[in-house]
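What follows is a single structure, and I will ask about it in a moment.
Should a chain be cited, it is by its letter among A, B, C, D, E and F, assigned in written order, with residues numbered from 1 in that chain.
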Amino acid sequence: MKKVIGLGDLLVSFSPPGYQRIIQANSFDISYTGAEANVCVSLSCFGIPASYVTRLPDNAVGKAAAAMLNKFGVSTEYICYGGSRIGLLYLEKGASQRPSRVIYDRSGSAICEAGSGFFDWDSIYQDAQWLHFTGITPALSSTTPELCLEACRKAKEYGLTVSCDLNYRKKLWSTQRARQVMEKLLPYVDVLIANEEDAEKVLGLKPGGTNVDTGILNIEGYMDVAEQISRNYHIPYIATTLRKSISASDNQWSALLYHDGKTFLSKEYRIHIVNRVGGGDSFAAGLIYGLLQQFEDQKTIEFAAAASCLKHSIEYDYNLVTAEEVMELVNGSGSGRVQR
Amino acid sequence: MKKVIGLGDLLVSFSPPGYQRIIQANSFDISYTGAEANVCVSLSCFGIPASYVTRLPDNAVGKAAAAMLNKFGVSTEYICYGGSRIGLLYLEKGASQRPSRVIYDRSGSAICEAGSGFFDWDSIYQDAQWLHFTGITPALSSTTPELCLEACRKAKEYGLTVSCDLNYRKKLWSTQRARQVMEKLLPYVDVLIANEEDAEKVLGLKPGGTNVDTGILNIEGYMDVAEQISRNYHIPYIATTLRKSISASDNQWSALLYHDGKTFLSKEYRIHIVNRVGGGDSFAAGLIYGLLQQFEDQKTIEFAAAASCLKHSIEYDYNLVTAEEVMELVNGSGSGRVQR
Amino acid sequence: MKKVIGLGDLLVSFSPPGYQRIIQANSFDISYTGAEANVCVSLSCFGIPASYVTRLPDNAVGKAAAAMLNKFGVSTEYICYGGSRIGLLYLEKGASQRPSRVIYDRSGSAICEAGSGFFDWDSIYQDAQWLHFTGITPALSSTTPELCLEACRKAKEYGLTVSCDLNYRKKLWSTQRARQVMEKLLPYVDVLIANEEDAEKVLGLKPGGTNVDTGILNIEGYMDVAEQISRNYHIPYIATTLRKSISASDNQWSALLYHDGKTFLSKEYRIHIVNRVGGGDSFAAGLIYGLLQQFEDQKTIEFAAAASCLKHSIEYDYNLVTAEEVMELVNGSGSGRVQR
Amino acid sequence: MKKVIGLGDLLVSFSPPGYQRIIQANSFDISYTGAEANVCVSLSCFGIPASYVTRLPDNAVGKAAAAMLNKFGVSTEYICYGGSRIGLLYLEKGASQRPSRVIYDRSGSAICEAGSGFFDWDSIYQDAQWLHFTGITPALSSTTPELCLEACRKAKEYGLTVSCDLNYRKKLWSTQRARQVMEKLLPYVDVLIANEEDAEKVLGLKPGGTNVDTGILNIEGYMDVAEQISRNYHIPYIATTLRKSISASDNQWSALLYHDGKTFLSKEYRIHIVNRVGGGDSFAAGLIYGLLQQFEDQKTIEFAAAASCLKHSIEYDYNLVTAEEVMELVNGSGSGRVQR
Amino acid sequence: MKKVIGLGDLLVSFSPPGYQRIIQANSFDISYTGAEANVCVSLSCFGIPASYVTRLPDNAVGKAAAAMLNKFGVSTEYICYGGSRIGLLYLEKGASQRPSRVIYDRSGSAICEAGSGFFDWDSIYQDAQWLHFTGITPALSSTTPELCLEACRKAKEYGLTVSCDLNYRKKLWSTQRARQVMEKLLPYVDVLIANEEDAEKVLGLKPGGTNVDTGILNIEGYMDVAEQISRNYHIPYIATTLRKSISASDNQWSALLYHDGKTFLSKEYRIHIVNRVGGGDSFAAGLIYGLLQQFEDQKTIEFAAAASCLKHSIEYDYNLVTAEEVMELVNGSGSGRVQR
Amino acid sequence: MKKVIGLGDLLVSFSPPGYQRIIQANSFDISYTGAEANVCVSLSCFGIPASYVTRLPDNAVGKAAAAMLNKFGVSTEYICYGGSRIGLLYLEKGASQRPSRVIYDRSGSAICEAGSGFFDWDSIYQDAQWLHFTGITPALSSTTPELCLEACRKAKEYGLTVSCDLNYRKKLWSTQRARQVMEKLLPYVDVLIANEEDAEKVLGLKPGGTNVDTGILNIEGYMDVAEQISRNYHIPYIATTLRKSISASDNQWSALLYHDGKTFLSKEYRIHIVNRVGGGDSFAAGLIYGLLQQFEDQKTIEFAAAASCLKHSIEYDYNLVTAEEVMELVNGSGSGRVQR
């Protein structure tokens, strides 16, 4: 099977053990994360070959980051080594009324210096069928918009499907800059993931009536937004997760796929959270998997929702579940009986 | 007070810390477990002398397993040393919609070579009043059915009460083989623990209407099954736990005792799970304790249900609570106020 | 800003990792705790200068205890070194129906030998505006009632506000002794925290109708008690937390302030508990902060309730949150969205 | 085989992980230690039945302490429960030029209230052949000298061999008090362990020429002291370890036995230290084992020296080695080849 | 560059943290080890493509074992999944006079059922230049000698160089059986690693004068043995490590290569041991690297000796050092200055 | 007593537990380090008031860094908050022949933007007697040379003693740039620490005959260099440590002070290393302490050498020993006897 290509950054994630605050910690648990890398790892766990395209510093930490992708079966053959540092983030895991908090220290990471002409897309795409990137990658530096544009253009030349998760990050760029850049990239996109906040901030599309803080969702509003995106940008598949945050410990979780003028809504899960970081990425991976497997639309969104539901029960940011485990949840009850 | 004798295997249980998956772990937490051993430990914590009969390899791991029983007051004087290996299992603790998963590697464990004539029952029973075993022990090898049969027959000679937890394990034997063997053993049994699945798989008795996956229970169906077992096999006490699995993190839990044509149903607990493995064994221990203390039937089932409710709040497989702690829950509210 | 002074003991708290019982543990997590010290740390995290007055043994453990206060910005300049030991406690963290359990080993701790004349209050109060103590301090030994009395009397000379948390501990003294001592101290108190149990046990005031074990609270009864206290002892501010214990894992939490004949009730929070120890102390700190900031009464009780709600999500006994974090919860939804 | 009885205290030992200082630690490793308990555990590991006589508080920590003895096969049937606290100590493990440091907090431990008449020696000694105690036990309180005297007197009535390790602790009593008490106990002693410092401080016997700090030992001086002790107190066996401290990480280690006017000196070992605490206790156990096995004197001292040499490679205070492992070292090279 | 192929088993290695004995441990550190796998990992770290051929059970533990090889860049594409279990071992790390101890539980591991015809050597060797195996693999079961024979024969057909480490394990087979099997395999071997014990036990060649326990080595004897092996079996390269065990903590380490009638002896290193397991495998990898790089013989043996010297400073069994790090030691002083 | 002021950066230090390599680690131990901060912490442990001047980002990590200084008694009142990041480093601890390795990621740390006029030296110096900085601080950015120059000039205005550790770091600047900057700063320096490498690289002064890699030192050469420095720059006190690196695990350690034309050489210690990072900083602190206490020169260098010897036995970079502990080593044998 041809590969899925992820393009983006790879960061060290430092988090205090358990529910400690940073000031309490004598040690940090470490993992290596990145929105698109997380998607690649999840796809690899589903049995889909995936290759990650990034740049890492040529030192023991850069090598350790790549080794972690290798561990989970993601190819690192197109990773370039150079630059002065790997980006990083500090994550305090929240609980109950205390939200998780993330401090980023990623500016100047190795990939930031990469632009158009940096990677050899002809080699990379030669055995590939899909490109996935998120709105984080073009936001990283002044050169990464060109990097993404080239990646998209070349992807189309090679006949790849292109998926994008808008993933707006206010600390990386302004809404104006985001819209300006993303509007150049969206014409290449076949599958777009955009939650309500992304759609509003990046695309200026607002359904009204939803309040992300209260956890009250407005499904109809979402449908309306999806339709607008689809129409404006000619994107066949629009999807989003629907998170109702009850607290940092408990969430309701479902997902929605808009395709061909129809909306497909998944089952809703009541989740007791182990770790919610990477939930969106695991959804993207589930969606790509469903589309690659040519599942029917309803089954695709059920798969993606169940995959990302399970992610919340997994430590760190990778969704280390198999496709079989996801299908068990899709078809089962989620009652958590011991499997012996 | 005379001893309770447990007969069965003792395994090393390896589990990744917290909610890690096996592939993530750099270390495994270890404990030493076995259905009947767990019962002995719980009884010992209740103040009942207990002795465990098994066979362990004569090496540092076998010795460490026995030492763990000693730590919790269970006598190991009748444990024989020999054989080539200790059985083991890998346990991934589940959370929310992700179930716990167990991988067994127990075939060829030291006890598997033991059969009739292997243990000196005359010594073992000389100061004993009760024998407990489960359906796992006869399922271990071709010789262990005879081992169990001898243990039961001798137990009756020495006037012991015999309890058995059917505990059907599909990876160890077929339902046909299980029924064939267990039907030879049941005539010796005075107290039988059999949940609905066990009763159906091993004894072919099905009440209809219950779905273990959905967590919807059928109390009346259970009563019907209990009555059939009691009638068919002349067993005075039939008991079961009633688990409603909401998720791997939350369960409803109660229990039922059938005796003399009457059914006694315990309070129901809403449990937030720390570790549910060993829940059934802790129930067996609670039941044996209630019967040994000659509690009234209702109090017996309340004690057993409360004991096993508390087990879900304890790490690893032993129910390390005192009889006083159980009675506090039986008589109290379970509201979890700090005890200073 | 002038300092808040805390007076009391400082203990080592030993607790098994996670939900282990003491018998299972190979190591204990350690922290340094004390009702008034916890208040000082919380105030320091809110930006209020605080200084802790106690006595510690002149050894590595005493020094480590003081260093932990320093770490969180609490001044230790008035701590005296001497005496033979630091007090300690063992805490088993409960879960679900299993309550947390505390074993104290604090008699003969260094502060127990301190009485009237021991500390130099003239220096201590020279740059101070507030004294906080709890009913634990006078209960520690035969000399600490005099110590507290002197601290209170001197505080009034220097114009300090005095707050007290009744905090009745039945293992430290009898209700009779407690009433006898506390009635001498209450005339100096401006702000009293007393939950229903404290009020009844120490002051003999009982509202009727509440059962702390069932988690059913009687707000009106509380108001009645608050009014009696206010009238009997001429204390302008009476406050309490209102905990409904559902289990050791889940609680409902709110708080109440009585002032000028009016009662102010906070929002109620449904809390999934990480660690509930120190909840009351974090409430005291929140209350003192609100009063120091001259918040309106409703805002004060909301701040104190939100502060102590957040405490339940923090490991160990200190409420390591900023005033900004508390205000986010007061003004927000507590929905626990990731803060990036 | 008849039992060896140990009489003494049992303490919780708290130590920071690795080489951390107390002020750095977020957790303490815990173990349960006591000079005579350590001897009992070692003997039990050698296959000698041992029973420990002490008093522990009736709480979870006291129970955990006893459970740890049970784990290693030491009987706890004669342990009495009561009293208010378990003694404890804090141990900072040293390295290189930094010595290990111990802070004791043991006054008022449960055993301190025990005196003559407290234990039922008739039951305890009924199946016993040996009593072991150290100079720490009579030093604990005003009643423990009588406790020890009774234990010794009764031991003689029952025909037990009595061994004593002088183990002078300057923080527990003065040299005058020590001599006064020990001189009443020595007439009952058959096997005495006394290093040079003990002999000088407690018995006032000084060989001259040795400096414990420099690690320069004076074997002839020791012999002279041993002869004096033997003559003065009519003790047939006098033994000591000979430690040359090069640093906290490296020591030379050998031992000496004086019997029947002859001196037996063991091999000397160059030890790279994992943990040296409990070295003396492991020597006592080795010595008792050799005498119980009726080894020749040279073999006895070689066994005791090798046993205690191995102790330095074991974490915590128990010498968890078998007699076979000790004999391997006695007969082998100590070259540390992997045993597969 | 063409690949090096390793053929052998892959086991889980469980070891107590630090210097704990098995009976003390609450957790085991885990790693995945196998003599030939360790060689592959080391070569991969040197930049040589390597692929491991084995069979693993199709469960989470088997997958985790393969993932660990992937992490370090070793290809797992020819690993077959099936069989009932992964082999395992328990390792207690020794210190000072206490040797490390290994308990194997590897019989019936998945590879044991593989024999001739099991693997597709035509695919495996199509892009390969070297085969490495050890004497452990043919010792595993009755079918693995044929498996090795086929692997060797096919290797020669494809023009691969074949290296073998005799690695005699007395728990796996008798010396007679070993000689019988190995003599069929040696004709295919180009590079043989055989320490003195292997040579004597498997090939019956004894130089006299060496005592592995005392650490006294007989270089001339080794040369004589190497010459005999070379002559008898027509093997161009014979090599061995020369370990002088001072204790489990300190060793002297050097190595010797015999080629074309000449003997090349490396520098000798005084090693303070972190973990010596895998020392021999790291030597094999160093040797293969030197030969692949066509280093001169002296440089080859220096590289191999330095590589395996460094291994002793690395936790677990893989030699995670780069070729540059090895060359730094070959060319430098080993004085351990901080590299900033 | 007036304060010692340290000026420099403060970094997070991440290191894998034990001797793991970065690629093996699932967690990093964390500490907060900086050459001058380490000096301040050590002085604070000796009882000297110290205050650290730096700039940290206004986030949880910056606050945690400052809190760690507070914990050890160092004042943080003059720390400014702002800038985008805290610098960091990754440290792999070496052993035996494998050196420790440090990867820096410190460019753009908050202090880098500080220059002349940034700090309020009039406030800072108002209660100060000593300024300490190292060659790292002026090397950090284009503005920090001016920052240091201002700090020095103002220090002289306020009558402070100024000490400097040359501490040349080749990754931060060239030798030319270093010399150019340092020659402007040296006129203000009263106490200079410069090892042979620093002197040669920064000041171009070379004694000949020493090889830092072989551990062979040339004391006379050092004296010559010290004299040249003293003469050229009119610096009264010149000091250096003398490290003979045997391996990453074992070092010989002594120190030398040049004053008034005389050279004072300390005792030499054979050190078994726990952690050597921070050794130079602990020497600077010891030296400053000796000079502040007005010890005689020989005692000063003995104190400084003993202090830094002890540092090697302490985890992480702070020298957490008291002046009493240092004096014990100065006066004692370093034989590492347990202190009870």
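The rule is short, and it goes like this: a contact is a pair of C-beta atoms (placed from the backbone, for glycine too) under 8 Å apart; a residue touches a chain by one contact, two chains touch by 3 or more.
Keep in mind it's a predicted model, so treat the numbers as computed, not measured.
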Equivalent of E-F within the choices A-F, B-D or B-C, defined by over half of its residue contact pairs recurring: B-C
Chain pair, D-E or B-D, that carries the greater number of C-beta contacts: D-E
Distance from subunit D to subunit A - Cα centre to Cα centre, in angstrom: 62
Centroid distance [mean C-alpha coordinates] between subunit C and subunit A, Å: 44
Centre distance in Å when subunit C and subunit F are each reduced to the mean of their C-alpha atoms: 42
Set of subunit C residues in contact with two or more other chains: 21, 23-24, 26, 67, 71-72, 101
Residue numbers on subunit E that touch subunit A, as the complex places them: 67-68, 70-73
Subunit F-facing residues of subunit A, complex: 14, 17, 21-23, 25-30, 59-61, 63-64, 67, 84-86, 88, 90, 92, 101, 103, 105, 107-108
In the complex with subunit A, residue positions of subunit C that touch it: 71-72, 269-274, 306, 309-310, 312-316, 320-321, 325, 329, 332-340
Subunit E residues within the subunit D interface of the complex: 18-21, 23-24, 94-102, 104, 169-171, 212-215, 245-250, 276-277
